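Look at the two complexes coming up: chain A is in both, with chain B in one and chain C in the other.
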Partner chain A sequence: MTSMDVQIRKTAKKYLDEGKVSCVIGYERDSRGRVRPAFIEKPEDADHLIWSSECSLNLVTYLHQRKLSPGKDQPVPKTAVVVRPCDVRAVNLLFAEEQIKRENIKLIGLTCAGTEINGQQRINCKFCQERVPVIYDVLIESDQPIEIPTDKDIYADLEEMESWTAEERLAFWTKEFDRCIRCYACRQACPGCYCFECVAEQVDPHWTSIALDKPEKMFFHVMRAYHLAGRCVGCDACEAACPMDIPLSKLNRKIAKEILDMFDYRTGDTPEDAPLLTCFNPDERLRT
Partner chain B sequence: MAKQFEPKIVSFLCNWCSYAGADLAGTSRITYPQNIRIIRVPCSGRVDPLFVVKAFLDGADGVMILGCHPGDCHYQQGNYYAQRRYSIMHKLLDFTGIESGRLFVDWVSASEGKKFAEVVTKFTEQVKELGPMVLNGNEKFLEEKLQEAVA
Partner chain C sequence: MKVLTQKKLNAWLANLLQTTVVAAPVEAQGKLVYRKIDEVSQIVLDFERTDMSPKTWLFPMTEPILFIEQGVETKLKEPPKPEPIVLFGVRPCDARSLLAFDALFLDKAPEDPQYARHRESTTLVGLSCPQMWESCFCTAVGGAPNSTDGLDILLTQIEEGYAVEVLTEKGKKISANLVFEEKKTSLPDPKLIQGLPSLSKTDEWMALFNDLYWEQLSNSCLSCRACSFVCPTCRCFDVRDELTAIKPGLKKFERLRAWDTCTASGYRRIAGGHNPRDSQKKRLRNRFFCKFMFYPDDFGPLGCVGCGRCIDVCPAGIDILEVIANVEKMTEREKVGG
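Now for the complex of A and B:
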């Protein structure tokens, strides 16, 4: 048990004891020792909570199910969630989009020394320059030394692809998307994907069939990437969830890069920032 | 004689400006290429980027969106939203390998029948130059292109 575990458990216990929240969302180990999300509702269960570099899930995704009031005279369930610096931007996104209210959420922020999947550093951790959450109620300092990567050239792979011809890029994506099995794990893992009815499954209007043909896969992925334009926080939960290892983060990062360049906008900086595509500046001109 | 490539262009015209502009081009007897298929929409802000992706994947060689000039929108701000959306859409399409030259966004007012004919002519020429859309049934061609890129 590390000092971080102790502090997370202590905070969770305090929130539950004082009745500040009805549930704490954190990480725990299953019987086989693997990390999984934990939903703690009793103070005595808080001892399950842990933190380690294997905690690569974005827990903010689980706030979706808790965002609405269960009934007329019922209070909205108050929830605490353990958040890393990258996840917390997604909480700001949900605040800005009025999906959850600040007063119903407690944020147990962690300073993060990076996470890994199967012993390999996650892609977004490789470039991450931000090790303290932009918003939190309690901050728990990492017990690991934090090394901010010096490799600032985070767009090198994108720039290489930009230098290809359009046909080469199409060939690349056709090949990558061809592996897609339309399991929608990327969508389920994403803290920004919360539509009641996803376009991919909508029947009326029937945007795309459920076929596993190239146009359908292309449609799904371009649609998914576009729906996250100005909303993606770059947590890479989608790519981590993908069973077919499709490099989804390339698409997300490309859009984030262009948005930073064109509109000087980064998602989730503050809880008040209106989502990029829901506002405009009359002085802007079309960029192509 | 070899048949010349005639692109299919889906065009979304805003009801208040560009559609009337197209009408004016017609009543003024101005000729323009017949490659465009006009869909009338209430506002350029109504054009969901999904319409564009869907059009491309269903066989369009180009997509054109015309709306009111900034500041002239019938709904005050619809074209400003559209402007932001399509600035991003251009970059995304280009990155996924659909040349950004296949998507064209411009502003044409109800009195600009001549400009309407001009942009249609210009865009049709541009798409003709890009050639047919390569998306389906070209695995071998795409495989070769990918090998070239990686090499």
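Now for the complex of A and C:
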């Protein structure tokens, strides 16, 4: 048990005891020792909560389950969520898109040195330039010193892909999507994907066939990447969720990089940022 | 017992390849899947479990079941008969999943013509497991690492090569020209995982249908389709007439069936928009009940063979073995009157 575990548990207990929230979403270990999401509703269960470098899931996506009133005249539930710096940008996105209200959410922010999947550091962690969340209600800091790298480009891993020709890129993605099974784990894990009925599943209009073949899979991923333009926060939850280990974040973060280059805009800086591609800002200028 | 050396096995496979399609575990971008092979050297036999099950060969991810031409008259055409294939290197758990498929698609009228065609033209050569692997639990659901259910031939790796059990007429047919050595040793016992929970009976599951447990369990479920798509026994599908060509006076369609699953949010939505399983709790509960209660009640076999793929793949950390253990605990509690 680390000092961060202790502080997370204390904070969760306090929020629940004081009735500030009805649920704390965090991480716990299952009977095999693997990390999974925890939904703590009773103060005494807060002792399940942990934090470690294995906590690679983005918990913000679970806020979508708790953003509506459960029934007639019932208030929208109040939720606390344990957030890493990458996750919390997604929270800002959801505030900006008016999916969740600031007063219903308590953010238990963590300083983070990076997380891993199966012992390997996640790709966005390698290049992450922020180790402290941009927004939080409570900040729980690691007792180990965390370096904030200042000279790493957060999109450095995309350089190789950018050097390829269009044909080479098509060949790469065709090969990667070959093993895609169109399970939608990437979409379901993404905090920015919350459409009630996804374009890929719409019956009428029928945008794409139900087939689980190459053209449909390519369409789904490219479509999803475009729908996340200006909205993707680079949390890499999609890649972490993929059962076939497809490097999905390359596609989504490439578009995020284009947005940064073109508009000097990075999603999720503040809760008040108007969504870039949906709001007209007369002052915005294309960077030349 | 009959024994084949590795060399003889390779020669046999190379020979089979001359006359029939062989699908075996191959590496595809770091994942192990069953694909058509051109050469014996492509086969990977040193594995615990493949990432996708071989059910894709009997129940393809996407399959046309009818071709339709709508012109002055409507013309219908059935898809061509699938070519005979040998599925090589099938683990006993994956072979047992055929019991579940057969119970639905063959034994219960009406027969599914596509599945029946695939089943008839497929010969399964199994590879038994020397031990149960990390997330395995085949023994908890009526299976075993060396089970012969659903297989036409079973190979067991031994020091000299492979012990061969020819189990069916189909198995005899493809091994007719093989000359085996006879050895007087018995097959090694696979190493089992001890202390697995015991699966509760269908009526015990039914008694827990309204338990709060399902609500708590489903909190972390993302309603994706990953668990069902890697599962060797999941067999639900969507059907849609997809337009393939349109000219003045003529429209061509193919009636496609594609994998789908009860865990997806829109799976059970019907015309008019009503969704009987509109919450994650209802959908996830259905997944487990289908496997351990509804399916065995309606068709006989369980809807789970204990392969453990869903445990490894679930992005939300939901563990089917943990569910079985919890249901066992809750059932015990009910019995004691707690």
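As a convention for this text, the second predicted complex is superposed on the first by the 270 of 288 C-alpha atoms of A that agree within 3 Å, B and C clash if a C-alpha of one lies under 4 Å from a C-alpha of the other, contacts with A are read in each partner's own complex, and residues count from 1 in each chain.
Methods note: contacts are C-beta pairs under 8 Å (C-beta built on N, C-alpha and C of every residue); 3 or more make two chains touch, one makes a residue touch a chain.
What you see is a predicted model; the values in this text were computed from it and never measured.
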| item | value |
| --- | --- |
| Superposed partners chain B and chain C on chain A - clash or fit | fit |
| Partner chain(s) touched by A:201 [first = chain B, second = chain C, both, neither] | second |
| A:170 touches, of chain B and chain C: first, second, both or neither? | first |
| Which of chain B and chain C A:266 touches, first, second, both or neither | neither |
| Touched partner set for A:48, first chain B, second chain C, both or neither | neither |
| Touched partner set for A:64, first chain B, second chain C, both or neither | neither |
| Partner chain(s) touched by A:10 [first = chain B, second = chain C, both, neither] | neither |
| Superposed arrangement, angle subtended at the Cα centre of chain A by chain B and chain C, nearest 10 degrees | 90 |
| First, second, both or neither for A:243, with chain B first and chain C second | second |
| Which superposed partner A:36 touches (first chain B, second chain C, both, neither) | second |
| Shortest span in Å between Cα atoms of chain B and of chain C, once chain A is used as the common reference | 10 |
| Shared chain A contacts, counted only where both chain B and chain C touch the same residue | 175 |
| In the complex with chain B, residue positions of chain A that touch it | 161-162, 164-175, 199, 207-208, 214-215, 218-219, 221-223, 225-226, 229-230, 251, 254-255, 258-259, 262-263, 276-277, 280-282, 284-288 |
| Residue ranges of chain B touching chain A (in the complex, touch as defined) | 49-50, 53-54, 57-58, 70-71, 77, 80-81, 83-100, 105, 134-136, 139, 141-146, 148-149 |
| Residues of chain A that touch chain C when the two form their complex | 30-32, 34-37, 39, 57, 61-62, 65, 175-176, 178-179, 181-185, 187-189, 197, 201, 206, 209-213, 240-241, 243-245 |
| Footprint of chain A on chain C - complex, ascending | 28-31, 33, 51-52, 61-62, 135, 216, 219-220, 222-226, 229-230, 238, 240, 242, 256, 258-260, 264, 266, 280, 313, 315-319, 322, 325 |
